[in-house]
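Down below are the structures I want you to see.
Shared between the two complexes below is subunit A, which has subunit B as its partner in the first and subunit C in the second.
The block that comes next holds the complex of A and B.
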């Protein structure tokens, strides 16, 4: 099988409800073009849903970028969600199951960390949030 | 105003089928529409068919759980039917389990569960 042609990077503006749906559809399509299995596509779409909802709920607006990343023996999909919102004062707490400052289950961020392979979050009060996650193909 | 999700009625059971590209506000709209219809039609059961959904994240799961709890407080029962295997797998890894909410594999099984047929 010839290696897949990697899809081009996509950057989406996230500002409202409908953008969450559009972002997870775009991410899922990209994941399938890269060669992820259907269960993996579902994980990626779920992660995008969580990250973009956090933007809409806590910052109002932000952006999501998805791009293919290549290493010698594997291909990945890297997703970066960033906003210039109020930021997260206590990152450690935000990554604990069941912690939420909003009206939610508090499983979005810790769940996203569980379902993706690489997870990095940067934030400071007043400085917005940047979450970078990567899923690698299993081949 | 009626929401974007159509709610059908079969006897005393309401059936709502969620469509693929459903936004958060649509799910919230369904939540209030369902409660309104449960009262209006004296429904004893509600089926929410999610077989067209390819993602059920923490918001969707919480909204469904809230819906089930509110319907139960009205003396009716709610069953979620048709969670796709990939969606179920991803929910479990996320830690989203819908504990205490009735589920069934498809509409037919869900109807039997709520109407007591086949028990």
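The block that comes next holds the complex of A and C.
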């Protein structure tokens, strides 16, 4: 069997609502190319939506990158959302269900952590935020 | 004029590096400037024949010819071009220069001069000038090359300014359209006595969500509605922020005494939202529109 051709990395500039829609679509397409099921594609699109929405709402502008990652027995989709905005002073609080400084549900970050397999967030005040998440195919 | 440009593209402006930073990016040094200046006399002298030659080239293209009304206009544009190329070798590369270049870029963009036409014209000028300068400086070709390479840097900086303006202008136009779209009032349809249907389309940011809530409440009051079906088939990116807005709108409707039902959420997205942590009771989803209307009717009667 020949190894599957993995889709190329995509990097998208995120600055406004329209970019959120475009990023979701790009991520969903890549997820389907990698072989994720439709419900998994929806989870990935939702995670992208949450991360990019946070960029637009709290940092103004940033970048999203999506790429396929391969390990001996599985393939994954890795999403990195990064910005140079004000950063998050209290990460622990930001990851708690219901914590929101934007009068919203406060579910974006904790929810994304729940629906993705790997989740990593880095931030320092004034240094922006970098969130790296990965979803692995179930094979 | 530069004010107009700035105000029509506020976001891009915030991201744009300062002029000296840009010069550093193009590696344009004092040496490059003085070398370009050394070309000023030659460029001045050669500008006219180059531009005449260029217009012969240009006007042999049907598409390009359509940009000009008459010979008068061609003469004016040629004058402008003479000035443009003179400034390339003579002007100080400061904020004023940048503003001026961007203004010219804007005029080109408005006039429908495509990036291909613009960059092509530039390339034509540069290589004509290059040939002529090499011809004239046959005794010192090394110096000729170094002068032309310096000019080349400045020309690229110049082209970048114009292209940035193209991009900014397009972006500003897109933003403008998005803003206009988001300011379009959401239609509220009365399906029958007491039952409202609200199709929400596009993106739902907090500004739009607030307007939506106000409008829904007004219509509930004016039409004495007892049930509202909110259809979000046309909303492109549903996530927890959008869910939050919808919950607020629906809660407000319920406080006004109307039942609110949400339709048009795909099963997969609904599932994803539940996993994120949005409770399905809060959203009160009813699958497709038809089903939603039936539920709303039943709730009205019950």
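By definition in this document, the second predicted complex is superposed on the first by the 136 of 139 C-alpha atoms of A that agree within 3 Å, B and C clash if a C-alpha of one lies under 4 Å from a C-alpha of the other, contacts with A are read in each partner's own complex, and residues count from 1 in each chain.
Basically, contacts are C-beta pairs under 8 Å (C-beta built on N, C-alpha and C of every residue); 3 or more make two chains touch, one makes a residue touch a chain.
Owing to the predicted nature of the structure, the values given are computational and were not obtained by experimental measurement.
Peer 1: Just from the overlay, do subunit B and subunit C fit on subunit A, or is there a clash?
Peer 2: Partners clash after overlay.
Peer 1: Figure out whether A:63 sits in contact with subunit B (first) or subunit C (second), or with both, or with neither.
Peer 2: In the superposition, A:63 touches no partner, neither subunit B nor subunit C.
Peer 1: Could you say whether A:38 touches subunit B, subunit C, both of them, or neither, answering first, second, both or neither?
Peer 2: A:38 contacts both subunit B and subunit C.
Peer 1: Counting only touches as set out at the top, which of subunit B and subunit C does A:15 meet: first, second, both, neither?
Peer 2: Only subunit C; A:15 stays clear of subunit B.
Peer 1: Quick one: classify A:107 as touching subunit B (first), subunit C (second), both or neither.
Peer 2: both
Peer 1: Identify the partner contact of A:135: answer first if only subunit B is touched, second if only subunit C is, both if each is, neither if none is.
Peer 2: neither
Peer 1: Could you say whether A:28 touches subunit B, subunit C, both of them, or neither, answering first, second, both or neither?
Peer 2: first
Peer 1: List the residues of subunit A that touch subunit B in one complex and subunit C in the other.
Peer 2: Subunit A residues touching both partners: 17-18, 20-21, 24, 38-39, 41-43, 45-46, 49-50, 53, 97, 104-105, 107-108, 110-112, 114-115.
Peer 1: Applying the document's contact rule, which stretches of subunit C touch subunit A when the two form their complex?
Peer 2: Touch residues, subunit C against subunit A: 11, 15, 174-175, 178, 203, 205, 236-241, 243-244, 247, 266, 268-269, 271-273, 275-278.
Peer 1: Show which residues of subunit B lie in contact with subunit A when the two form their complex.
Peer 2: Touching subunit A from subunit B are residues 21-25, 54-59, 61-62, 84-87, 89-90, 93-96.
Peer 1: Mind pulling up the subunit A residues that touch subunit C in the complex?
Peer 2: Its residues touching subunit C are 15-18, 20-21, 24, 38-39, 41-43, 45-46, 49-50, 53, 57, 61, 97, 102, 104-105, 107-108, 110-112, 114-115.
Peer 1: Would you pull the subunit A residues touching subunit B in the complex into a rising list?
Peer 2: Going by the criterion above, the answer is residues 17-18, 20-21, 24-25, 28, 38-39, 41-43, 45-46, 49-50, 53, 97, 104-105, 107-108, 110-112, 114-115.
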